[in-house]
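Labels A, B, C and D are assigned to the chains in the order they are written; within every chain, residues are numbered from 1.
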Amino acid sequence: MNNIDVGCELQYEVKSPTTMLFNLSVASTEYQTVVSESLWLTPYIMAEQLEVGATLNRVQRVYAEPGLFNIQYIANVNLGAEIHCPESLVEKPYSCIPAEVLPYLNPSRYCQSDLLGNFAMSEFGGEEHGYRRVQAICDWTYQHLAYVSGSTDSETTARDVLVQRQGVCRDFAHLGISLCRGLGIPARYVSGYAIDLEPPDFHGFFEAYLGERWYLFDATRLARVEGLIRIATGVDASEVPFATLIGTTELKLKSVWARLSNSSQSLVVPAKESAVSTA
Amino acid sequence: MNNIDVGCELQYEVKSPTTMLFNLSVASTEYQTVVSESLWLTPYIMAEQLEVGATLNRVQRVYAEPGLFNIQYIANVNLGAEIHCPESLVEKPYSCIPAEVLPYLNPSRYCQSDLLGNFAMSEFGGEEHGYRRVQAICDWTYQHLAYVSGSTDSETTARDVLVQRQGVCRDFAHLGISLCRGLGIPARYVSGYAIDLEPPDFHGFFEAYLGERWYLFDATRLARVEGLIRIATGVDASEVPFATLIGTTELKLKSVWARLSNSSQSLVVPAKESAVSTA
Amino acid sequence: MNNIDVGCELQYEVKSPTTMLFNLSVASTEYQTVVSESLWLTPYIMAEQLEVGATLNRVQRVYAEPGLFNIQYIANVNLGAEIHCPESLVEKPYSCIPAEVLPYLNPSRYCQSDLLGNFAMSEFGGEEHGYRRVQAICDWTYQHLAYVSGSTDSETTARDVLVQRQGVCRDFAHLGISLCRGLGIPARYVSGYAIDLEPPDFHGFFEAYLGERWYLFDATRLARVEGLIRIATGVDASEVPFATLIGTTELKLKSVWARLSNSSQSLVVPAKESAVSTA
Amino acid sequence: MNNIDVGCELQYEVKSPTTMLFNLSVASTEYQTVVSESLWLTPYIMAEQLEVGATLNRVQRVYAEPGLFNIQYIANVNLGAEIHCPESLVEKPYSCIPAEVLPYLNPSRYCQSDLLGNFAMSEFGGEEHGYRRVQAICDWTYQHLAYVSGSTDSETTARDVLVQRQGVCRDFAHLGISLCRGLGIPARYVSGYAIDLEPPDFHGFFEAYLGERWYLFDATRLARVEGLIRIATGVDASEVPFATLIGTTELKLKSVWARLSNSSQSLVVPAKESAVSTA
């Protein structure tokens, strides 16, 4: 069990009246407990609390007048180790995938799993099914993509990335998701905070449905899954932007952090885990 | 109020054990009441009933062994006229769109509204907002796309269609959805049956969120919105395939129909409607 | 007849041994006479003179060692007015297009005229054939594309531009070329200098084959065709880059200019021309 | 030295007056001598002989009135073995590539070598340079693409094929060309006849510039390079279609053949060749 402090601060120069949606607050899940959290808006505006999408992502909607606008969020989170015996995790046959999981097999804006199905089958069709196959996808992604800041933009899809062989964290996640879906493994995108991310920023990773639940993966190897704190969950990044701004604004400041609550602590990693990170 | 008989029959030669998902049953909504319905599977297999996605689309899952497999569905549906005073329907400002509607502003697999935003704004930015603007999108789509059977496939997106200027019903719907989203109007895909469709087949159309609810549109002009019977609702066609087949099969027979229950009847169209179909 | 001074200066920090190809020297054609020209390389390296491609574009190849590298080019050019009676210019029937012109009907890297054929025919199929039809393409392009610096990159094609509705000079030219080819009018890309371009830079425009020869067009309306000085000609921009650098370099300085030789002069425009620029 | 009979017959129902360009006649090159050839047009129409493109491809242009139209071509060709000591063939440094070869480094309609450069470098950057590196590209292509008739169409590019992992001969060639160019090796498309092709058809392959000249490669392994008879050469298939038809026609019959002139003969393969086809 890890206890983690996360937070961010964003400052905008608002140039025209702007509706803003923020998706920065950490989620409450079976493995992630929000101990405490605070949100400051300056100047103070009443924020509407929304729960958006199938996973009820926590969104704050505000309407800002021209001028400086600042949003700061901090939270303290208890994070359970999610993985215990990965070797035993199996892929669910299509006939047994729960109804609420089926949508995560469909192709989506950035994850055209239909187009990548042949590639997925030829590259990973022969792998041992289960957790190890998803790990093999992450390993392949890590080995074949270069992490290059600024190499992609908001139009870049998993298909583009498979060709151009470079991207950032969301691109790594999109490719992992697409390859899983192409093999019949439900997969989805997770936005969040991450301990030890260098340089510090929001992070994007993914999870795959194995056995009876979802398991986190990060093909970038920039952060350990034990240090990933979930904000929101969606079919891909198109569903979970950190900020959506309808109006004219300019980002003036952005700061994001995540650290163990007690600096003398170190990240608790389940004993079994070392056995599977073979790559 | 129209009373309509719909149905379909599909026959497959199943060549390997196959998991099948069917999404053929009509939906129950405020405007659409299922009076009666029946489903026959031959040979008889127990079908699992699933409710899939945000709109709880009704999916039957079966596992078929090799051999001939036949599914037949019939239903009698009461359909309320959905539109009353379209002139008064306004677009909801972004700050007031309900949380459950927000996801239908995101780009999706076939509706890259992010890529088509500039086009949507330059072509329709100056139109009067509201129902008439969505109607203008339908008119433009009808006037600029040719309906050509076989001109597109399962990879074709709204962006492709905007360039190649031809497609089938799902492509018309995808383009309409993308242009609406590009203007900030939530829009989504509807699969269904349609009266007077020639040749008879399943149909794809779309709906846009105006005022306080969703309104149907069909840019193909192949069927009147008063004769559209909803099966399923999704971000685009990727979420609502009529049949998903995991295994090796060959479609041997397909028959789809929709007609007024009493053949002496004719389709009831709200009096006001004629005023808006100006194109 | 206009007498024009053009030139440019490029300075690179060469970080690894680099082969450089420059395509900056003005072409000699029936309508464009090079009165004088000079090229300085600092440090002095022997440049190999190459004639590349079907139109024998003038390319200088040098091999630069690490350090500062500077290239400066100036020329004085006599430019004939190319257009006389545009109303009488006809499109050549396919059966009469000369062999050396046929390649300019093929699709190319940035000009996928095959994909844009339907669009071209539906939008311009009904226009009066000839010079006016190409002018109509330029007018449409000017009216429907926004000129936005930095909105496109070296991967952007005419198809992308048709959807996103913005681009820079080369994108305007690529769209014009694609639409011409889609109608059966041979068209090709021209790189060059341009008088009155603001801010001063290299320019990209296009030419179409009408009557018995090629005629220049510039859909950006940023420069008059009477002030366009040709450097190179190709199927699209992929064939005529100003600089190709095989090695690691950083551009430190770029300066480009074009002006009438005698500043008291003004640009000579053929009397007839005013009649055609109706848009 | 192989002596080969090739030929083809095409029959069209011409429905509207149609300009036709045929590019079926074998080329004369240093390694390929046309001993005899004949062309029959029925009904007899005078065919205009054109030489098109940088390699002067032999094109016949005819103008056909409505009715049946038949073209038959036969030739007897002497084919020299083109490869002698492939191990010694080196890649030309960029600074030494001849001017007339430089255009074959540019990206083209179907070969977006700019987009595939990263992939090419990461997969083949470490291979021994020269003939073996191009052979490694062919081996990779053969191993990673499935040859599936009908899996691609006239819009399919090398980039599409790299993702979907299937295609036909022209797609294999386009991918090979793109990967070569991405590594700085000039490469181009060759259309032709091929001995032992099953089923018999026209064929598409490619050649790469190594040492001091062009060498043929066929990544499909459907035919031996010693049995490839060149028709035309271009940047990709967009430049060398077998038939271009401007009008409304329907292909009624197509027959293509290529065989050793004396059936008792077998294909002469240079002794050294066996050493290199290691894959």
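Just so we're on the same page, a contact is a pair of C-beta atoms (placed from the backbone, for glycine too) under 8 Å apart; a residue touches a chain by one contact, two chains touch by 3 or more.
The shown structure was predicted, so the numbers you read here are calculated from the model rather than taken from an experiment.
S.K.: Considering only chains that satisfy the touch condition with chain B, which of them also satisfy it with chain C?
M.R.: Looking at chain C and chain B together, no chain touches each of them.
S.K.: Could you please state the distance in Å, as a whole number, between where the Cα atoms of chain A are centred and where those of chain D are centred?
M.R.: Averaging C-alpha atoms per chain gives centres 47 Å apart.
S.K.: CA centre of chain A versus CA centre of chain B: separation in Å?
M.R.: Their C-alpha centroids are separated by 31 Å.
S.K.: With chain centres taken as the means of their Cα atoms, state the distance from chain B to chain D in Å.
M.R.: Averaging C-alpha atoms per chain gives centres 45 Å apart.
S.K.: List, in ascending order, every residue of chain D touching at least 2 other chains.
M.R.: 115
S.K.: Touching pairs of chains, which are they?
M.R.: Chains touch in the following pairs: A-B, A-D, B-C, C-D.
S.K.: State the interface residues of chain C toward chain B in the complex, per the touch definition above.
M.R.: Residues of chain C touching chain B: 115-116, 118-119, 122, 144, 146, 159, 162-166.
S.K.: Chain C touches which residues of chain D in the complex?
M.R.: Contacts found on chain D: 19, 21, 50-54, 59, 61, 63, 93-95, 99-100, 102-103, 106-109, 112, 114-115, 154-155, 184, 238-239, 246.
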